[in-house]
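Structure below; questions to follow.
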């Protein structure tokens, strides 16, 4: 399936979408850019810190609500589109449900286990209790209301056509975000045969029954890195931070990197992958799954 | 460290000990037998179903309380030592905190996240709510009180001397039991160099900071299987089920297989490993962890 | 026609027919795991199995399994994970059908696998719930298989480990917050019981070939309710029998 | 003596001295990650670092990290896992020391990284907590590094993202159920603030070489309390400087 098709079929306007779940690597930028290209509206974005992806979606006017621990850009901190939306309602007003990294994870685990809330020991003494209506102090704990994404979008190293995804490196909240969601879209660096994925069922991130689309999208997390495939593209990070300072700057950036680019393949031709490609091999020692 | 040393140092009388956390494979029988040999008393055993390990510890009089979903033996169901203890107080009275597989997992996750309880959707309508004082119905949910093991004992495929354990196949509640515990004892089929374990940090089951002892104990889960190493020894399962029907039968069984055997090495010489050894290779396709 | 089959083979065939194509099935050991393999090889090639040890599989294992965690059930699995993840799928309503074993079942489908006699001083201490209560509460529907004896099919179990339809009043499960739909069948060595859609008391749906209603009544611990036109349980087809026998070793003791 | 060092290098040296040998440290990016590497190479060879992205490491990465999830921080890790597992170690009290960044800190060590001005209509929307509030509430003790400016070191933050010692009354954290011990130091470009053991208001512990107390007072948004015999911050040693410069690229922007 192409990314355009996956986004068109499975992420309607108004969806609650979890992305950026590995915090810093494996951010599904290709999917985010496709959401912007298709002009998706009124999304609720769910995630921990999401690199600059949420900032871009806010700048493009796709977002109704942010349910996250942090929105900015990793290279310099402040998210300029986030600021404009929150401070001036530009390009539109957004609602903010502040979380911490721990609390957004617990909100997703609550959805995973289908309970209305999970109790937790964080957030006591924080004013986030005043601004997030879905977190309440109770009995010396906080009760964190379940957050259930309609769709979780994950970028991974490899996946087969049946939706069995192998991801490695730090995983952040990828597992709970996938399990909590109604459906999951996976984009991957390599589309592999099931003999690869089923050779290691412990590395399969999610049950295939959650996965509705597999998109073979090399470079799909660029400029965020993929362990074993490519490093972070700091230059692009920095350029975004700089250009997004003004609305016009963001619009020009979005035109160049999103609207004038029909798909990820064309995007990849615009970036200098040679300088960030990982060419070394540090292979995991295999595990023997034999039964005889 | 030897198993005798690990048990002597880290599992005092009265401890709350989680074992059998992978449900059916990787049951730490060698550790359990050492607990019996050292005459440990007043243990609280925590686990899901534990193969016949809990039945043996009960039969040997080591146990004060069972906090588990199921105690029996996998080959025939009824746990004869469990029956004698619960029905006749032989060899001693035991207290039983009944759980389900789901609820014992939640009780451990509560301890992992250091909250007094987790809410869950199971157990509604079950009389287990009447007999387990640590599970209560509340607001249309049940509140499952945290269970925090003093020690969790896990058998795994391989581990390094620093406590980084690689386990594969279904893991049951191994992860939450290890994270919830004050300390973890790992026994392993292979003691490997850290270059093996660190080649795949995603397969490392637990933070090394929890692990207080690593015991190189090949066959340490026999008669329960280890994926890639050996199959279940059905003959031994059946023999135990048969011989443990009477107290005298159990005592004779324990004399032969535990008290007259100084350690696992000698035990292994008594069993027919050739008939159950896994000799094939179905290796997981490696993951590339390179960063350059 | 296959007149030459055992009681167990008939039960497996009946159990396998409970599995619909594409379903996610919480598979138990022994007979249900054979039934799962048979269903996949006949009418339900797209069914998937879920095992509480922490596994999802499509292809059924073809060699003997002492437990669901034995190596042949792991190799080639679709997902090897934690038990709490498997339970998550069930509590979200993704498990269509579960199989549960039990020592005792009552007229409302409640199972006892905990205590015969008072819990403080039981006459028989049974092994406990395992995942049984979870499946009973959370799977969309479930089935139990049992040897048909008066001491096993009782009027009311003294201890409800795994709730069926509770006190038998309509809507008991919903009123008590149980998410799943409850038991839909008790497959015994003599007959198949089913339940009204809104819950309540088990009734005899079909009687196995060669068995009389009187025999069923005699071996059942409650006053059995029977449809006037109770049919005979369809015997295993040739195809079913072939698949059952191919797989008999998988669940053999 | 090393008279030739930058403000940043001094801050890194001071931060590295906060790390004791054998400790588990919740490491942030930029200066703290260099401080962690310096500590491991000097006085704390057995320290371990924990990263909320889902990593535990011993050896500090030696090439530039844009984020803690960049590939050089992953290769050779001691554990690659879920964030909730990392948080579990912290909520159990296993994290000895955390580093937290912030836009504003107040006299009681409370940090604001959320809103300047009213949350409904903020003058500046800051990025938010990330894991900051979690570290502030749950690590045994924590430290923040900050450019010393009057707009950053304020009397009271208008929004407490990451609580320090709250309203400054003794025992505020315990009374409010916060498990960790709270902030122990604010390391600025001009001085090092510390807090009384029972919590309360930050006081100037040492002033950086070349800085006067008057300059500190001028750049601080509250009436600074100073020990009468305030000492000078010990400058980086030769060994510290060497390690800092070896690693400067790791946190470089």
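For reference, chains read A, B, C and D in written order, and residue numbers begin at 1 within each chain.
Quick note on the criterion: a residue touches a chain if its C-beta (ideal position, glycine included) is under 8 Å from a C-beta of that chain, and two chains touch if they have at least 3 such contacts.
In this text the structure is predicted, and so the values were computed from the model without any measurement.
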{"item": "Most distant chain from subunit A, judged by the mean position of its C-alpha atoms", "value": "C"}
{"item": "Whole-Å gap between the CA centroids of subunit B and subunit D", "value": "41"}
{"item": "Whole-Å separation of chain centres (CA-atom averages), subunit B against subunit C", "value": "28"}
{"item": "Distance from the mean Cα position of subunit D to that of subunit C, given in whole angstrom", "value": "58"}
{"item": "Multi-partner residues of subunit C (at least 2 other chains)", "value": "55, 70-71, 74-75, 77, 80-81, 84, 87, 91, 179"}
{"item": "Residues within subunit B bordering two or more other chains", "value": "106, 113-114, 120-121, 141, 168-169, 171, 175, 202, 227-228, 231, 278, 282, 289-292"}
{"item": "Full enumeration of touching chain pairs", "value": "A-B, A-C, A-D, B-C, B-D"}
{"item": "Complex interface listing, subunit C residues touching subunit B", "value": "51-55, 64, 66-71, 74-75, 77, 80-84, 87, 91, 114-115, 119, 121-134, 136-138, 159-163, 166, 172-173, 176-179, 253"}
{"item": "Complex contacts: residues of subunit C adjacent to subunit A", "value": "24, 48, 55-56, 70-72, 74-81, 84-85, 87-89, 91-94, 179"}
{"item": "In the complex with subunit C, residue positions of subunit A that touch it", "value": "112-114, 162, 164, 175, 179, 198, 201-202, 204, 206-209, 289-292"}
{"item": "Touching residues on subunit B, where the partner in the complex is subunit A", "value": "106, 113-121, 141, 157, 166, 168-169, 171, 195-196, 199-200, 202-203, 227-229, 231, 278-292"}
{"item": "Contacting residues of subunit B [partner subunit C, same complex]", "value": "22-25, 48-49, 51, 68-72, 74-79, 82-83, 85-87, 96, 98-103, 105-106, 109, 120-128, 130-131, 140-141, 168-176, 225, 227-228, 231-232, 234, 237, 278, 282"}
